[in-house]
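Please see the structure below; I have some questions.
Chain IDs A, B, C, D and E follow the sequence of writing; residue 1 opens each chain.
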Amino acid sequence: GSADPTADTAANTQAPLYNRLPERIQKSGVLKIGGSATVAPYVFKDGNEIVGMDKDLMDALVGVLGVRLEFHDTPYESIITGLKSQRIDVAMGNLSDTRERQAVADLVDYRMVPQSLLVPTGNPKGLTSIDNLCGAVVAGVAGSLSDEQVATEQNGKCKAAGKPGVGFSAFQDATAAILAVQTKRADIMILNGAVATYISNTTKKTEVAGKPFRPRYHAALVLKTNTDIRDALVAAFTELIENGTYAKLLAKWDLAYTAIPAPRVNAGTT
Amino acid sequence: MESDPTMTALLQVRRLTKAFGSLTVLSGVDFDVERGEVVCVLGPSGSGKSTLLRCINHLERPDAGVVALEGEIVGFRRVGQALHELRGSELARQRSQIGMVFQRFNLFPHRTILENVLEGLCVVKKEPRDTARPRALELLDRVGLAGKVDSYPNHLSGGQQQRVAIARALAMRPKLMLFDECTSALDPELVSEVLAVMKDLAREGMTMIVVTHEIAFARDVADRVIFMDAGNIVEQGPAGDVLGNPQVDRTRSFLARVM
Amino acid sequence: MESDPTMTALLQVRRLTKAFGSLTVLSGVDFDVERGEVVCVLGPSGSGKSTLLRCINHLERPDAGVVALEGEIVGFRRVGQALHELRGSELARQRSQIGMVFQRFNLFPHRTILENVLEGLCVVKKEPRDTARPRALELLDRVGLAGKVDSYPNHLSGGQQQRVAIARALAMRPKLMLFDECTSALDPELVSEVLAVMKDLAREGMTMIVVTHEIAFARDVADRVIFMDAGNIVEQGPAGDVLGNPQVDRTRSFLARVM
Amino acid sequence: MTNVSSALRDSDGTASVDTMATMKIAPVRRPVQWIATGVVLILLVLLLVSVGRNPNMGWDVVGHYLLDDAVLRGVRWTLVLTVLIMALATALGIVVAVMATSGNRVLSATAALFLWFFRGTPLLVQIIFWFNLALIFPRLGPAMFLGEGFGGVETNSVINWFVAALLAFGLHQGAIMSEIVRGGFLGIERGQTEAAQSLGMTAAQTLRRVLLPQTLRIIVPPSMNQFVDVLKGTALVAFIAGQDLLSSVQFIYAKNFQVIPLLIVASIWYLALVSVATVVQYFVERRLGLGYGK
Amino acid sequence: MTNVSSALRDSDGTASVDTMATMKIAPVRRPVQWIATGVVLILLVLLLVSVGRNPNMGWDVVGHYLLDDAVLRGVRWTLVLTVLIMALATALGIVVAVMATSGNRVLSATAALFLWFFRGTPLLVQIIFWFNLALIFPRLGPAMFLGEGFGGVETNSVINWFVAALLAFGLHQGAIMSEIVRGGFLGIERGQTEAAQSLGMTAAQTLRRVLLPQTLRIIVPPSMNQFVDVLKGTALVAFIAGQDLLSSVQFIYAKNFQVIPLLIVASIWYLALVSVATVVQYFVERRLGLGYGK
């Protein structure tokens, strides 16, 4: 595992929420948080350094909890197993809160992110909303939840209206999906709004079309048995929201629109 | 190449020369073989006997000189004043007229012995299996293997394998048969069964060139014996003369050692 | 196993029996070999000659009967009223006292011929290279290969390879040497050079068992000839008697065919 | 007739050689072997029980998804892909191996270049390239060499994930197979070619009737390694929106986080497919081995 | 001394055999070969130009990242991993091959089971399993067989991505190498073992001094295929947060989305490494080939 070299402050027993932490974490003085460092702008690598919106949030969290952050780059496959084998205590990143996932872990919701439409620059097909997708091909990321669902729904609607249907292909990750849009294999991507904004700012070949829609919670995962850590996280997020750090950080990454008034637990409804 | 086939010898070898790198293996060999003649080639190891046979059916490309079967050059075509090498089906047709039996049998191990004999007939001569089969069976019967037609080569003794190899070559109705030490890889007791088949062939008038170390066979069967050393024909003549009363030292010392 | 080595024959073979599946290859073979004796074993292919040699140095495990070298059972240890097979280093030590030369040479192709001869000395006898080397060179000189010590086996002629194989076996100072048709894979002219080395060995008093088809060699060198057929010793006696005046039909017909 | 000279002594308790020749040879016993078997088996059972009862393995989830429609569809695609790829790769491998051993310098250089490139580049890269070929060549045909204007068919209409996978895997495995086939050719004695030639077979007939059938026997075992490799390797099609076995379980666990049980589902299927393939291999080898060995 | 009987005719313009025997044999010309070379080369150049000038290839980005620190670090990790894995796999392969051919039924069954399992399960699954071994065995040691109470070292402290990769690849490649080594053993004549035995070598000496050195020569070419496979296959460590070449470019394009140029960077490195390996192979084969062939 790769510990973040920037986070090596010693345990601070004076921190406001130090006493909310379970004893074993107080003893070790370390909170181990895992996430996949391949999703800009949430957690990604800049050179050798782990950066991103969620990385900033993690630093702020351990700040109010008074422990040191140990970040583990943890690909999706190893998140639950990592929690169970205690390689990590918490998982954060581009993780949506859904009913299915609530069956496996407890999710502390700390942000609400809508979906966006990403199209080639100039939007050649003039696609601006999920309601005019008839005849288009949608690219999405395997396992991301809304895109496939949206495509299927719209496909049904178009067919019912006697129009050409909506095609859908799911790719391993966002980079592969973007290539599909670039090669005109797909006409449009449906993806997480923050990621879409980041991509359109980075590549110049794509732009965000229409308005964001269907927001959903992003959450930090803990094992269901670790209610103590869950509660500590809720308290920490509450503290960050109240002391203004939360708003400041979201603003820094142009994500102020994803703010929620208070953290919630397992609030996802789809 | 409109020569009258009845006027020339069946096989004419002229100035045949072959080198491997700096090693000259044949240095201008000349001889003829008449129809029905049996020629035995003797000589020490490395003297070029195998290379001579291999040049005759163009398994080896000579550096100079020619081999002609019934007046037709083997392996080359004359264009103006030069010879151009033949390729593909034309060369294959010429080779199919010359049968060859190898020291190590070289049967096709993945086919039964009947299929081995049918192979040339069906693939090269494109005879239908129905008509080829009786002929193959007849040949296998003739070499004494009628009972083994469905065996695989590796399940036969060396002597049996070599007899299949002879049958396989005969199936093509060759005009000339080449034998390259075809009994040297055999157990002593098995040698005689192969030699017996070859004697029969000779008696029936097949033209044969036989490279061998079996002096007794040469004496009994050969019309002519050729003795080679270092890529040259050192001595040749009727079997009785060369073997009984060799004129050249090299022949004499060789015969002393192997007899 | 405390027998007095000077009182018994060097090698005793008793009731030696071996079958492969349902095929009995040796059916109770008995014979002795005295110190310094040269025994030639003749017989048709498949009569069990190779299997006999291979049982003597326990490359093949007999089904019944024993082989004893200087009164010590080869390959087994007596425990109460039964024989238990030896394994590992004890068997290896026994084998190192019996040299064997194979039909197909079986030199180690990845080592030079000097290294081939050193292999047994350095690996099995654990002699230091410095002392082993002069002995290996002397042996290679003795078989006439002093000039080739750094060649690889595949670059030598068959006759040369077989002479290296003999040197390799001799390097172990064996009490008994076994030769299994060690000239059958050779060109006729090369046979004599190997036989010459073997004659020298015999003259120097090495005890040898020689499976061969070279009748002339047997007549010249053997103290005794054993004729085998179908896993039995059919006839044995002084070379002159067995070869000149065979008593048994099978021997007579075999000799007629290979002589 | 024999000149047996050994003394028939039985002094100081040692048996004479003649006595020993009548003794029973003890059947080979291997107590260590049996103890080892026992220990290995017990450890294996303990390990299996330990793994089997581990709640993290989620056997109920495994059971639920083992015959799930999406998984079965994945199995079908994986099989179809693998079979087609191996067929393509074998054909290509034979052609390239013939080129490499042809003695024609242009052909053998082309073969070497082919091998170098397609064996040396990561498969993932090749897959992504083929799938996104339109990025480089929007149209296939003369336009590829001469420029847009010269026309050709639209690339995206020809290359879907399936075609891209076939091309990428086929070329890559073709390169590997060519080495295997070349090894097979080297394993056939020179005398076989010469025997065929002296019967009057042309080079093509020799190849088809003599060399290839014999090579087959040699190349089946290493090809099996390749088959298994491709079977599992097709998982890479997940990168180009393909639908093989592994990507179908990835789709499922991406939603429900049941990573371990779903990977077990995939493993069970792969092991089953490999086992079936091994049985098939056994019979194929037996058929091809006719005429060899005992 | 010769009995030449051919008539020295030169009628109707045909040369006699004797005349033809003096003719020059035309040097082999292959016009088709040269035309083919030309066409292939021209097409290749056109293709290269077409690809080279394509803006989507992003050659400036390629140049920028080719020697990037993160990429170089990836190259180093890939090399270290590959070399260690191959060393491990070869050692393991030899042991398993010896077991498989030992004639001891327990050993050969164990070898077969090993092969079946580790060759048959997808590598990805094996990697994820090893990385998350703590899930099944929180402690390594007696606890694995007997239950938590019996102690052992903490699994997560032992198994990081590197150890997990070594284990997963080492076992998987070890299974494949065992088949390769077994093939090598089969390729050695039985006579070699017998010659060694009759010199008095023990089984271990025979293996070490006679069989293995000769096997080496046979197994180097297929091992090379495996080496190349592992070199590229290590990319799978991306699934367990490893840091090899391919994952290091994936990290970069996750940030800047320059997928194609960065895949080209990886390809260039892989091709370079494979080329170096091929050159090394050439010299190794030449050394091992001493004593064989001409």
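Following the convention adopted for this analysis, contacts are C-beta pairs under 8 Å (C-beta built on N, C-alpha and C of every residue); 3 or more make two chains touch, one makes a residue touch a chain.
Molecules present, by chain and UniProt name: B, C = Amino acid ABC transporter ATP-binding protein; D, E = Amino acid ABC transporter permease.
Quick caveat, the model's predicted, so the values are computed rather than measured.
Peer 1: If you check the contacts of subunit B and subunit C, which chains show up for both?
Peer 2: D, E
Peer 1: If you tally C-beta pairs in contact for every chain pair, which pair wins? Let me know.
Peer 2: D-E
Peer 1: State, to the nearest whole Å, the distance from the C-alpha centre of subunit A to the C-alpha centre of subunit C.
Peer 2: Those two chain centres are 80 Å apart.
Peer 1: Distance between subunit B and subunit E based on Cα centroids, please, to the nearest Å.
Peer 2: 45
Peer 1: Which residues does subunit C have that touch at least 2 chains other than itself?
Peer 2: none
Peer 1: What are the residue numbers in subunit D that touch two or more other chains?
Peer 2: Expected reply: 56, 128, 132, 135, 259-260.
Peer 1: Would you please write down the residue numbers of subunit A that are in contact with two or more other chains?
Peer 2: Residues 77-78, 81, 84, 176, 179, 182 of subunit A touch two or more partner chains.
Peer 1: Chain pairs that touch, all of them, please.
Peer 2: A-D, A-E, B-C, B-D, B-E, C-D, C-E, D-E
Peer 1: Okay, in this complex, where on subunit B does subunit D touch?
Peer 2: 57, 59, 88-89, 92-100, 102, 104, 106-112, 119-120, 123-124, 152-155, 165, 168-169, 172
Peer 1: What does subunit E use to touch subunit C in their complex?
Peer 2: Going through subunit E, the ones touching subunit C are 189, 191-192, 194-203, 205, 209-210, 213-214, 217, 288, 290-293.
Peer 1: Could you please specify the touching residues of subunit A with respect to subunit D in the complex?
Peer 2: Residues 76-81, 84, 98, 100-101, 103-105, 139, 142-145, 169-172, 176, 179-180, 182-185 of subunit A touch subunit D in their complex.
Peer 1: So in the complex, the part of subunit B that touches subunit E is made up of which residues?
Peer 2: 1-3, 7-9, 12, 14-15, 30-32, 34, 62-66, 68, 71, 73, 76, 78-79, 81-85, 224, 233, 235-237
Peer 1: Provide the residue numbers of subunit D that touch subunit A in the complex, in ascending order.
Peer 2: Against subunit A, the touching part of subunit D is residues 56, 128, 131-135, 156, 161, 238-241, 247, 250-251, 253-260.
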